[in-house]
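Have a look at the structure below, then the notes.
For reference, chains read A, B, C and D in written order, and residue numbers begin at 1 within each chain.
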């Protein structure tokens, strides 16, 4: 292990303590529920957006709690769902009376626990809606697109739905925007190394030096192809083919691009990928109207990257460019 | 069996179950994310601690509800949400009694299994914990002989079921994404249930010895 | 190798091409000198600040060319100095007639090549001053502090000097601020893994899994102690002891803190370190008035981190909090 | 020796020098940052290409200036800045001639070494390229015998000097930070100069054969 940690079983709580200590003006925990964290100014007078999932993905999930983004989050252990009660605590603290959108990645444990929270919210008369992020195009074929995992595309969904909530849209409207953003977004990723769970101390899967796994998930879920590492351009081509085959942006259209590092891959390499993505898109006469290159959804210290493309219309364009700020994200 | 006899046996069994941590991590890591070892071992410990805090007059319903709450929050995950939901439903079903006889065990397992099935939407053969639960319920429902014998038969049925999951392709949860590559690996959730039954058997054996 | 690259010998140029393609509104190359990059609005009517050094440290160096930061940069190969001519090209493009500050880390090759550029600038009648960043407290004892390396403390120096230049200070004044920022800043780092140069394909040094090197440099220069990896708190204690022994902030004083990741270390772990730093400082009744936690000066995919502390007075405080923006840094 | 004879020999020697890449990387990696292999091999290639572009009438001064410029920009670093500065100074000193005799070689080495010393501020024994340059200048200054013999003596002196650097602690450049741990490793810069001399010797040998 090459980890700067103390007691592995206390890892997540230490991280949260430090984040709250560092950013008390922007974030606070729900009293009595240290794993349920909300904007310091929650609930405000707006629709709440609660997200959550396992730890180990910073800035996902906690990093997207902020102005123009989510209002609250429930933080699970490393790569594990939060409990229904934790989600519910974030829900209550995010609810201004205008209801709460649950916006999170499509993982079994999270779906069950957010479902539980929705039941509890219902009992308390808090209206909720759920939108699952399912952007990982390589995690299931198009015929079973609703079973796909949510990965870096979450950032796009947060950004658009968060901007809609911030300007005062209704719960129905915020949910519609979130669904629209998800429908317009595809991600494909590649892993070059495994990760080690702090508490387990062993790699969650094996990937030899010099190998790559196309379609890897952000918890190391196996992908669709494992083979010798190829040049960055060839890797970008594989990922873009998977994305564009489905998204098929027409000539003249505009897209948002996110080239995301999974943890250990240097920013320099992400720009090498970005360069190829830009050439591919401009070859199709598609304009990159909005771009992010960096670490936006990670998997601890995994080496690898993902590419996310969102097909924009005027509505999404405006929302994606709207101001947003959290301790981890500024736009 | 009265709750008084049951509680130390359960505590002992849960302690044994914690030792399955590495095996379950490896099984889950092979076709999932590897956290099942933590879910089960932390969950077992949390239940033990929760039960230790309960008064001597705790009913079966209270014990199951406590177990459900502790298991749900120890290491939240698919398994913990499903099992906790199942235990909670069973606690409502069994309620205020302070004995758990064979019929009670059957109700417990049937109720929990039905809830897991309903929430997780898995079917038999989807390579989940259900594949081990269902055949042991069958054994229990048709059982003759003393408790230990029935338990041994249930263990036998679970062992067979777990072995059979190795031949299946996962259709639910994270493992479903792994597709064909799941074939050859037994299911972690089903294995966890088998380990629980074995741990209860061992705890019963040593409680008999020390009696 | 676990690298997403194409031809290793073309790595840096590909990265620069992609960065310029991604951010044409903020950055541009000097015509005919692709390794010399300046603010898109250079020279403006302000003192220029030119930095530079080897590649592989993003956001250092190029990432700190922007508003309220540096005006230009010369980009060397991975871990190698730029040439004197490249520095000079950035100098010419950054000069509004008010002179140019050279602000960079104390490395032999860089010192020689910036020296060469200063000679060329002198011939052309461009006034230059040089301030070396020497914040790495573990790279030489206090008696030879002028031979210390420059590491993450560069960010503090850029931020303060850049804010001074942006508000219109003279060259003398900007240089004075830069010197003052360097004098008030100390950094100490730890490495948990080596890095691999793309062109060399081998680790530049060996560090076994489970070992740490206290005082490691951002090119993998050996430190002062190698031993078994310790818990994060113990590591933070070692680094903070080295820093505070020299900086010795009095009770009641205010500091800026930068907890910096070297590449592969997850943001979560950086916050674990931050938590300890905050406890240590508040134990001495020292307030953290400004903070950064993340990857600000990296060493490709090295696992590890550094801690930087700057003792603030009112002047530095104001400059460090001034607005700044580049494609890689916003404040 | 006329530049016409000299240039193919130099080109050949530079090609040989490129093969020292891995050795020099490892030496520099042991006590520095490991880029010396690239600096020398890319630098040698850049000089070769630069010389190939020069017309037949290029003087010694032009050749040295071209070499300096190419080496400075190929892979900029401490070594390239110092060596380029030295070559540039030597090019000014030697200027418009088209022969390089032994006295010219001495001027070249003396001028380059003085410049390197002045810019890099290193002293003898600081474990740098100077430690190998200085003794070979001594040999050349006092030389008797034919060119190849003198060169062999210079190589001998450089070999000894390089071996001796292993016993020293680096006082300059990146390696100075490594402190005591540099003892035991020979200096990369000094080794690079030795390999250049050896490469010239080999090139001279094969040019004589093919004559």
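Side notes on the structure shown:
Everything that follows uses one rule, which is that a contact is a pair of C-beta atoms (placed from the backbone, for glycine too) under 8 Å apart; a residue touches a chain by one contact, two chains touch by 3 or more.
Since we're looking at a predicted model, the values are computed, not measured.
The minimal number of chain-to-chain contact steps leading from chain B to chain C is 2.
Centroids of chain A and chain C (each the mean of its C-alpha atoms) stand 30 Å apart. For this pair, chain B with chain D, the centres built from the Cα atoms lie 75 Å apart.
Between chain A and chain D, the centres computed from C-alpha atoms are 55 Å apart. Note: centroid distance chain C to chain D, computed from Cα atoms, is 33 Å.
Listed for chain D are no residues, as none touches two or more other chains. Along chain C, no residue makes contact with two or more other chains.
Every pair of chains meeting the touch criterion is listed here: A-B, A-C, C-D.
Contact residues on chain B toward chain A in their complex (touch as defined above): 25, 29, 32-35, 37-39, 72-73, 75-82, 85, 119-120, 172-174, 176-178, 181. In the complex of the two chains, the chain C residues touching chain D come out as 76-86, 107-109, 112-113, 115-116, 139-140, 147, 149, 197, 199-200, 202, 204-205, 217, 219-222. Taken together, the chain C residues at the contact with chain A in this complex read 1-7, 11-12, 14-15, 17-19, 21-22, 55-56, 58-59, 190, 192-193, 209-210, 229, 231-233, 235, 263-275, 278, 291, 293, 295, 298, 300-301, 303-305, 328, 330.
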